[in-house]
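Order as written gives the chain letters A, B, C and D; numbering starts at 1 within each chain.
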Amino acid sequence: MNLLEIKDLSIHYVTKEGTFKSVNHVNLELEEGETIGLVGETGAGKTTTALGILRLLQSPPAKIVSGEILFKGTDLLKVSEEEMQKIRGNDIAMIFQDPMTALNPIMRVGDQITEVIELHNDCTHEEARKRMRNMLELVGINVERAREFPHQFSGGMKQRVVIAMALACNPHLLIADEPTTALDVTIQAQVLEMMNELKEKLGTSMILITHDLGIVASNCDKVAIMYAGEIVEYGSLEQIFHHISHPYTEGLFNSIPSLDKDVDRLKPIKGLMPDPSALPEGCKFNPRCQYCTEKCRTTEPPLYEIQPGHLVRCLRYGEEGQ
Amino acid sequence: MSRYIIKRLLWMIPVILGVLVIVFTISYFTPGDPAMSMLGTNYTEESYVALREKLGLDKPFLVQLWNYLWGLISRGDLGTSYIGSVPVATEVVHRFPITFKLGIMSVIVTTVIGVPLGILSATKQYSVADYTVTSFALIIAAIPNYVFALLGLLLFAVKLGWLPVSGVDSWKSWVMPVAANSFGFIAVIVRMTRTSMLEVIRSDYIRTARSKGLRERLVIWKHAFPNALIPIVTVIGTQLSFIMAGSIIVETIFSIPGMGTYIMTGINSRDYPIINGTVLLLSLCICGMNLIVDIAYAFIDPRIKAQYESGRKRVKKAKIPGKAVP
Amino acid sequence: MIITMLTGGGEEQIESLENAARRHTQAGDVFRRLLNNKLGMIGLCIVIVLLFLTIFSGVVTKFPYEEQDFGNRFQFPDPVHIMGTDNFGRDIWSRLVYGGRISLLVAVISVAISLTCGVILGSVAGYFGGKVDITIMRILDILMAIPGLLMAIAVSAMLGSGPVKTAMAISISGIPASARLIRSTVMSIKSNEYVEAAVATGSTNRRVIFRHILPNVIAPIIVNSTLGIGGNIMAISGLSFIGLGVQPPTPEWGSILSSGRPYLRDFWPMIVFPSLFIMLTLFAFNLLGDALRDALDPKLKK
Amino acid sequence: MKSIRKILCVLLALMMVLALCSCGGKSGGETAPAPGGDKEPAKTDDGGKVSEQTDDGGAASQAADGGAAVETAAKPETVTIGVTGWLGRFLDGAEPSPNLTACDGVYDSLFLIDQSTAQPYSYILSDWGYEDELTFKMTLKDGITFANGDVATGSDLLFSVLQHIERGDISASSLGDLDLDNCKADGNVVTIKWKDPWGPGLTSRNIYLFDESWCREKGWDSYDWYEAPNGSGPFKVTEYVTDDHITLELRDDYWNAANEKFQVKKWIIKYYADQSTMYMALEKGEIAMAGLSSTDYTRLVNDTSSKLKIKTRAMGTTLNFFFGAVNNPIFQDKAVRQAIAHGVDWSAIGKLAYGDLYEPADSIVSTKSPFYKPQGVYEYNPDLAKQILADAGYKDGDIKIHLFEMNGAHKDFAEAFDYYCEAIGIQVDLEFGDVTTGLMTWMQDGGSDAGWYNNINGVANGDPHESLNCFYIKGFTWCWWYQPEVQERFLKAAHTTDEASRSEQYAELQKLAYDEYIIVPICECMSVIGYDPEVFSEAEMNAYTYTSAYTLLHALSW
């Protein structure tokens, strides 16, 4: 039975300036211990989906229009707020993008971690502190520094604290929203490697949100490419990397400078992300798609299964395609 | 940290001396002459000159200033009031506690009512609660405290008879003065709390706290509020000096024999010893309050504490990791 | 613009980008947001109405403000005298309308003075810290320790009692409060990254303070100053309570209010209507202040 | 839709606050005076601390030595009364002026004036009288003891009279020029000698019996004058808290056993800084008696539901407007003074001063004084005023007056005066200040061109010479009563001991002031007391006619 199943999830931001359709009919599954990479440009709706899962969206502007999020069989959207609070931090944890502002500046680092432990397991304060100390060891931070404050830590160290906090109650699912974007490359590698070790040891499954295909390659089992709030291509790592099908995925891969080929100009995807409040007709990618046909501008392509487990939202793979 | 407090305490002495010198100069150069108001209608040329002689008002300004300061430092003598020929020290001894008690209670009341209301209207921004609280605070701030005091007395003391009209004996007689003295300032606290809370609520660590599964009330009180405390504590600190000034009118209305009425007599009849004596006490109070506020900063925000301890001119934010903090 | 060149986008895209850029100039943006904030608009209208009333007081009032009529004193509001008459039989409505000119003038000047000094002292003390901070703070302690009333009396006794001089007298006691507030906010903002970045890019201290720190201190400044305006008008009535401040022949909200004090229980119009005007001003400036702060600080928008 | 909800909340908040105010205001509202009628409240000389006139509920006393005993209500053991005048100390003369009610309980006055017969009588003197025009003899009863146990002797009596001169306070000048070396005391008999005859004599002055040895030992600056004065009166001070209250308790060793029927053993004189708070304390019953302002008077008269009773009485002085001819030469021209006298509606100023209590006055001397001679009232007639000015050749704006005011109530009078003068083409420039700056400006010539005065030295104890006290003041050289011609006439009258000719001379003085100097009498100075009928019976209060006989504490303690 899947750990997490997202069915036909749509999230819109309703404001005075107009309704922004950030997430449209997303479907996702995730098994126990598996890691799925959610890839896409900024504004593709990745973070909104993640926040939707944990119901952390601010209700006045954001509205979950339709869909279900089944976590171990229970639909998180129907669950009461108290129930949801028990899940957050315990069963599902989240790591945010900017470590600089993710920690409470006036609370000791150790206390911030102990807080989540004490919250979810009724253990004595001493036990919680002990678990906090070995979490810090796990993420490679000197235990005496538990009494220090966030402003005394560098960016990388802070991200380790955030990770320690997220994994303190060894959640079943970890949602990492671009965990390493704010870090420089050397620290990035350490942090990712440490996350994988912990994932193995604690058996947590993970949703890794990123726009860096390199990270996806070394960490994820399955990949979902998102564009304008929709999943345009979904499949295993091998299927996505070796059988690029959707034109947008193709564009993504082309815009990465490859080591072996000697190319003097990059080939970025022309145009910009569509304005979520005025999404184009038909296939959302058509204004920027090089294979765009008249049909693409009118009919909305469904997800075609070109190989078992490899889905593509592009009319070229429809019945009449090759 | 204690080094910082001692340094601040040492700094208090020049401040208070500075206050005294300034107040002495101001009252000296303000038009109006105590000898004249003492003589009143008995004014005759010789009696006027004799009186100035007796009070030492004829000596040059610097000599008078020096006598006053030397008297204060060596013998702690606050001088005798010209008008009532009553030593200022005896008057102040049993008047200061009354005003201090009124001041502190008003500050507590404004904070206890103001802060939660501010947080309520911040957490439920643009909601019914928010607008009602803000408008209520604004309306109260616009009512002058003596109108509020008199109407309150009329309603609670005379019509309903719950409270005594004046006096300082039972706790009941403190209810109205404290209310009249503090309601004007609640608006300031509410609005400042609301503003700083609004800024804090949208920061990332609040979202992190929510993602840890904390209940909303806990997120607000344990994570958001402490971070919003700095501007709130500052405003509460500055309220004390305004409350002390405001107490002049409240003490007149409720006939509370406190410092307010005493300083009014001093100013009305240009009784320099009274003015200097009362201002000395008030400045001690306000400097003390400022010190408490600055120390509170350190407890609230470790970054400021680090800045105090290092004492260096410009603090670099990120410390070399692992360096032990004193 | 550059992006479209690079990507060689279509014609209509260039159009949409250009007017988007034009539309989003900073001031225009703020003004647009200010306009669609309903409560802010109410505040602005009240301020405009008040200004109109006080400036064109001649047009709006039937009676000259100083005309006494001992025949009908303490007239309760009726069609002839909209707000009734005071203890001299003068029309309260025309006195309040005419007096508004001075009250608003004094309130705005005193807030402006205490704000500018407060901002300068506060930001310098907050930003530099160390010795500079200590000396400025101690000077402020001295200023704060002297009771506002004594300072106001001394200054207005020495300078004389015109509206501008009273404004100065009142503003002095406001300086320490705003300075301390701004100092504390600057101190906590100073430790943010973007200030670090600004210093790193070699901008001078003055530039960092005024370009980077102060715009982010806008919120507390606005809140403090809008409340200050009401507070200062009340301070004038405090001054006239002891016979200083604006002298009786010239009407002014604060002095009208304090002259109405003995009649509080018997003749409410002399107290209620001045307080109403002061309340309206306080309300208007605060609504305006809120709207301005929300408009200036995009993060705060809901 | 959203914004409508916002506006609703704003109105909601407004309702909440108005609810608070209205229930306060409403209850006040229903006692508001009938709209429009001329029965409007007016602001009297506010009982502020440093006011010339101590309007502190005044002192009251029983008819001559407890004569026809008026049926009195059963009195509680302790009675509290409220005053707005500053509590001050128990030594008259310089500031802070004493609280007369308390003084009259602690000290014995040498002479007390029976209001009905205007004849002096005394409790502490066995007999007194003039031997000849220049000598006055009085014998002190024996057995009179002070609070500290000393027995009063003749030397104490002599000291009590002469100490005014030693301290140089206002009463000194009203004792005439005494021949000091011939004033002596042997045993209980004291003889006072004057250099030349002194009309008012001693009997009209309010002189307290002091204990010489105690005063010499303490000196005039000791704090005991606040906390523990040593007098021969029935009460002694047991508690004194500045700006709060004085507690007087009956002396157990009181020498005048005849009064052992004191029901009230303890008086508390409570100080209120604010008139309206004192009125509320009276309404609530926290105090049994308090002085009322004219607005309180109007409110209480209309408030049928209240059980409080009112007692009004004239203070024995009048409010007058005078021109400072010395400062402003324009006033040398009598026509200008006459024009202003007719051009200003003095009843308006009277209403400003005393509201419903306003009683027009027609002479600088109060109707309550035996020397009163009606002179007439300056009717308000602006056309006549303009006519007079025109005839005298003055065009609009020729005449400029500078008016300096420091006292709260006088500032209101000045505003009304300014309005009326502008109406008849006279320019008035108003300048306001507070007492300390004011007195200096008023003292110097050119300080103010005109002014208002009522009883300058504030001793309101029913003494017949009350209205004439201003003549003893030396300071205000530019005021009309200090002009050489006026001082001459006054001193000549003061030095005639024969009653009839003295009152004749005072009458001429009044005529001179009214016709020649054109001093405009405005109204009688009134004092109102509100009291609780359960504590003080109505009959008792009516009998209390404010003679200098045993005063409030004494008279109303029975």
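Keep this in mind: a contact is a pair of C-beta atoms (placed from the backbone, for glycine too) under 8 Å apart; a residue touches a chain by one contact, two chains touch by 3 or more.
As the structure is a computational prediction, the values presented were derived from the model and not from experiment.
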Lowest number of touching-chain links that must be crossed from chain B to chain C: 1
Between the pairs A-C and C-D, the one where more C-beta pairs touch: C-D
Per-chain CA centroid nearest to the all-protein CA mean: B
Inter-chain centre distance, chain C versus chain D - centres from mean C-alpha coordinates, in Å: 47
Inter-centroid spacing, chain B versus chain A (mean Cα positions, whole Å): 53
Distance from chain D to chain B - Cα centre to Cα centre, in angstrom: 39
For chain C, residues that touch 2 or more chains besides their own: 39, 157, 191, 242, 264-265, 302
Residues within chain B bordering two or more other chains: 31-32, 126, 131, 134-135, 138-139, 143, 150-151, 154, 268, 301, 303, 317
Multi-chain contact residues (two or more partners), chain A: 151
Each pair of chains that touches, named by its two labels: A-B, A-C, B-C, B-D, C-D
Chain B residues touching chain D - in the complex, by the definition given at the top: 31-34, 36-44, 47, 83-87, 90-91, 94, 126, 128, 130-136, 138-140, 143, 150-155, 157-159, 161, 164-166, 168, 251-255, 257, 261-262, 265, 268-270
Residue numbers on chain C that touch chain B, as the complex places them: 39, 128-131, 134, 137-139, 141-142, 144-151, 153-154, 157-158, 173, 176-177, 180-181, 183-185, 187-188, 191, 196, 219-220, 223-224, 227, 230-231, 234, 237-238, 241-242, 257, 261, 264-265, 271, 275, 278-279, 282-283, 286, 290, 293, 297, 299-300, 302
Contact footprint of chain D on chain C as seen in their complex: 38-39, 42, 66-68, 70-76, 87-88, 157, 242-244, 247-249, 262-268, 272
List of chain C residues in touch with chain A within their complex: 3, 6-9, 13, 36, 191, 193, 302
Residues of chain A defined as touching chain B within the complex: 54, 56, 82, 85-90, 93-94, 96, 98, 101-107, 115-116, 119-120, 142, 145, 148-149, 151-154, 157, 162, 165
